[in-house]
Amino acid sequence: MDKTRATLAEAVADIPDGASVMIGGFGGSGAPIELIHALIDRFAATGSPKNLTLINNNAGNGHVGLAALIEQGMVRKLICSFPRSADPRVFTQKYQAGEIELELVPQGTLAERIRAGGAGIPAFYTPTGFGTLLAEGKAIETFEGRSYVRERWLKADVALIKADVADPYGNLTYRMAARNFNPLMAMAAATTIVQARRIVAAGEIDPETVITPGIFVQYVVEVANPAQEEVLNRAGARYPEGEVA
Amino acid sequence: MSEKLSNAQIAWRAAQDIADGAYVNLGIGFPEMVAQYQPPGRQAIFHTENGILGFGEAPPQGEEDWDMINAGKKAVTLNPGAAFFHHADSFAMVRGGHLDVAILGAYEVAENGDLANWSTGPKGVPAVGGAMDLVHGAKRVAVITEHVTKDGKPKLVKRCTLPLTGVGCVTRLYTSLAVIDIEGGHFVLREKLPSISLETLQSLTGAELKLDGPVADLIVPEL
Amino acid sequence: MDKTRATLAEAVADIPDGASVMIGGFGGSGAPIELIHALIDRFAATGSPKNLTLINNNAGNGHVGLAALIEQGMVRKLICSFPRSADPRVFTQKYQAGEIELELVPQGTLAERIRAGGAGIPAFYTPTGFGTLLAEGKAIETFEGRSYVRERWLKADVALIKADVADPYGNLTYRMAARNFNPLMAMAAATTIVQARRIVAAGEIDPETVITPGIFVQYVVEVANPAQEEVLNRAGARYPEGEVA
Amino acid sequence: MSEKLSNAQIAWRAAQDIADGAYVNLGIGFPEMVAQYQPPGRQAIFHTENGILGFGEAPPQGEEDWDMINAGKKAVTLNPGAAFFHHADSFAMVRGGHLDVAILGAYEVAENGDLANWSTGPKGVPAVGGAMDLVHGAKRVAVITEHVTKDGKPKLVKRCTLPLTGVGCVTRLYTSLAVIDIEGGHFVLREKLPSISLETLQSLTGAELKLDGPVADLIVPEL
C-alpha cells in the first residue's frame, strides 16, 4: 500500500471536466497552492478540466491559487461562505459578468454539510440561517419550540488538501490553523489528493496525533516548500507566471 | 449630538461585561478591538472560526505566520493553553452553545432582537462568513455599534429593513450613546451618556426605549 | 482560570438526583472508574445522587465502575448500544427484574447523537436502523431514493470523562483507544468532569495534539494511577470494597 | 451432509476476496478469524469501531494493554501507519462508505439481502453494538456462516423471521457449503463444495438458488 505519487501532474491527471472539487484552506492558510497550479498547468496544456464546481470557504485573493483557477475560466460555480478578500477582483468581475454561479452558505453550515457528506449523514437540522434569505426554499422543523433549517450533505468528486506531514498510508497532520476545512473535505470527496510538506515512513506519525486517518486519502504528493498565498500576493505574483489576464 | 463614544470607548465598555475565563468570539473588524480592553485580572479566551481557541495579540510586523490567523485573516499569536481544531469542531463550539459571548457589528438591530449585519441589499457580492452561526450559538449575543448611521438615521429600529443575519438573537447593545438590553421584544435602556437627554436619545432611536429601573451614567475613560 | 479540583469528591459534589450522566469508555477502556466510585461514595454517605439516567456504550462488567453504580441502585435508566460483557450479571438481573429501563441505540447512532448534542444539531438522518425494530416510531425520509431514519441529539447534565493529560484550561489528550466516546461526551454535557492521569501547566500540551479543547470542560481532577476495569475484574474486585451485594 | 468447511476454512475463503490495501471491518467473534488468512503479499487495514485503524494481532498473554482493544474488547497491537480517533469519526468511516468491506456473522440472511444477526427474539437482554451501522456503511457487506443451523434448518431464507439488522444490505455469503451472491433479490450460486450435489445444496437452502453461469468448485486448503 503506497498512496504517494511522484508528481503533482500525476496526482491531478484524472480530474474530469464538470467535476466538483473541494479545496482546503481558509484564505491562504491551508490552501493547496501547488495542487491548484498543477491543475491550471493541465488546463493550459489540454483544455481540461473545465466547468468545475469549487467548494472553498472563500473566492480567492489576487491572481494565484484559487483566484487563478477562476481567472483561467475553469470554474462554473463556486460554493463558499465569504467571497471577499484583500483582492477579490478576479471573482467579483466574473460574478458581476454572470460568468460564474455563486452558492452562498453560512460558514458553520458549510463545514457541517461537508462533514455530513463524509460521515454518511444525508441531512441535518441547524438553527443557522433560520428566517434569513439563505434558508429560503429549505424545509423548516421545530424541535422543543425552536425553529431549525434542514441542510443537505455536501460531497465532491475530488478534494485538494494541504497537509503538513503524511505517510504512505495517507495519514495526515496539519500545521496550526491551516487545518480548517482540510480534514472535513478529505472525508467528503471520492478522491482526496494531498500535498504534504513532508512524507515520512509508515509508523513515523504518532497514531495519537493523526488528524486525517489514511482511509480518507487516495493520493499524496510531497511539496517540500509550499508557497503561501499571502506571501505570493504581497509580491504581486500571478499564475501562470508573468501572465496578465 | 456632539458628544459620543469613540469606537475604542464602545469596545472598552463591552469588554467590562466579559467575565474572567469567558469564551468569546469577536466579529471581524471593529469588534476585534474589544480584546484590547479586558479589565486587569481578567482573561477571556478568544475563539476564532478558523480553528483556534486561546489566540493572543498580533505578532510584530515581519514575524507573521500565515498559518496562524484569525477569522479576519490577520496574523495572531497563541496564549498558553491554546488549541487547534478543524472547522466542524470550531462550529460545534459555536452552534452547540459553548461560547459565553459573541460580540458583533450591526447594520441594523430591531427591538425584537433581529440582527442585520451581512448584506446591504442585492447589489455587490454577498458574503456571510460565520455571522449567521454565531448569532444562534453563543449564550449571549451582543452588538457594538454607532447609535446612528453616518447619515444620522437610526440603526436601532422597530423592524430590520435589510436582510437578516438572525431572528431574535441579540440581547445587548453597546452603542456610541448608550447600553441597551433587548428584553421581551423591547429596547430597555440601561446606561446612557450623562450629556445626552433621554428625549434626544429616543429621537435617535427607531423604536421605543423602555425603562424598567434606574438608567446609569455611561462613563468611559479617555482612550 | 483554573478548572482543576483537588479531590474527586469535590468534582462530583453537585450532581443532582435525576441527572442524566454520560460516562466515557468502551468497556473498561477509557472508563473513569475513580470518578464513578467517588459518586458511589457520595451516594453511600448522603443517599444522592439517585434516579440517574446513564449514557454509555455498555452496561458494566463485574462489580466495579459502571456495574457498581447500577448495583447500588443509583440508576433508573440506561442508554447504550451493547449491554453485554464478560460478566454482565449486575445489569442483566436489574433489567430482568424490571428495575432498570433500557434504551438500545446502534453504536454509530449513539456516537452521532452525542456529537449532535455537542454541536447544536437537534436532529439528523442516518441509514442505520432503517427497517428494524430500533427505528420504530421514528420519522423516515427519502433522499436520492434511499431511506433514512431521523434521530435526535443526545445531551446530558453531566459527563464523566477519563483523559490522559490535562491542563488547567481543561485541554485534554487521551490514551490510545481510550479516546472512544470521551471527546464526544465532553462536548454534549452541561458540566464535564474529567479525571486525568496527569495535569500539566498551561502551554505544556502541544496545541496541535489537544483532542478536547478546554471550552468543553468544567472540572479536572488528577488521578495519577487510574484503575483499569479489566484488571480489577480479573482480581475479582468489588466496589465498595469487600461488599457482597 | 458429511462434508462441510470448518469455520477456519470459511474464513480463509472470505479472506481470498479482500484486496491488498482494503479497509476492512470484521464483526466480533467468528468473522475476526478472517484476518488470519490474508493471502501472501496482501495486507488489509483493519478498522475497529472503538477507534483504531491499522490494528494487528493480539499481543502475547500478559502484555495486553486494555486501552488498546478491538470492538470485541480483545487486546490488539498496532501495525505501522495506525491511527486513533473518537467514536464519531470511527462511525463516519463506517456510515460514510469509506470501508471497502465488512464481514459479519448471521442468524439469517434472506434472498433480498436482509440480514438478521443481532437478536434472537424478545427473550434476554437485547444488544446491537455497531452491526446496524456496518451493514449500511461498508461498500460491500459479506456474511460468513454455517449453511444451516445446528438443528439443520436453513439460515439462508426467503424472508428473515428474526428481527432485522438491515434491509437489503448483504451482497455475498460465504457458507460452510458454498459461495453465494445476492443479486436482484435472489441467491445466485457461485461456488459449491464438489462433494455436494446441487439438489442437496438446494434442499439445505430456504430459497431458490439461481444460476447465471458456471458454478465453480469451492476448494479450500486443510487448516
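A, B, C and D are the chain letters, set down in written order, and residue numbers restart from 1 in every chain.
One rule holds for everything that comes next: contacts are C-beta pairs under 8 Å (C-beta built on N, C-alpha and C of every residue); 3 or more make two chains touch, one makes a residue touch a chain.
None of the values given here were measured: they were computed from a predicted structure.
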{"item": "Interchain contact steps from chain A to chain C (minimum; 1 if touching)", "value": "1"}
{"item": "Distance between the centres, which are taken as Cα means, of chain D and chain C, whole angstrom", "value": "30"}
{"item": "Inter-centroid spacing, chain D versus chain B (mean Cα positions, whole Å)", "value": "56"}
{"item": "Centre-to-centre distance between chain B and chain A (centres being mean Cα positions), rounded to whole Å", "value": "30"}
{"item": "Between chain B and chain C, centroid-to-centroid distance (C-alpha), Å", "value": "36"}
{"item": "Shared interface positions of chain C, touching two or more other chains", "value": "112, 115, 119-121, 126-127, 174, 176, 207-208"}
{"item": "Shared-contact residues (touching 2 or more other chains) in chain D", "value": "52, 84-85, 88, 91, 94-95, 136-137"}
{"item": "All pairs of touching chains, each written as two labels joined by a dash", "value": "A-B, A-C, A-D, B-C, C-D"}
{"item": "List of chain A residues in touch with chain C within their complex", "value": "112, 116, 119-127, 141, 143-144, 146, 148, 152, 173-174, 176, 207-209"}
{"item": "Residues of chain B touching chain C in the complex", "value": "20-21, 23, 43, 45, 47, 52-54, 78, 80-85, 88-89, 91-99, 136-137"}
{"item": "Residue ranges of chain B in contact with chain A within the complex", "value": "48-52, 64-69, 73, 84-88, 90-91, 94-95, 114, 119, 125-133, 136-137, 163-167"}
{"item": "Chain A - residues contacting chain D, complex", "value": "1, 115, 117-121, 167-169, 171, 187, 201-203, 207-208, 210, 213-216"}
{"item": "Contact footprint of chain D on chain C as seen in their complex", "value": "26-30, 57, 59, 81-86, 88, 91-92, 95-96, 102, 104-112, 114-115, 126-134, 174-184, 211, 228-231"}
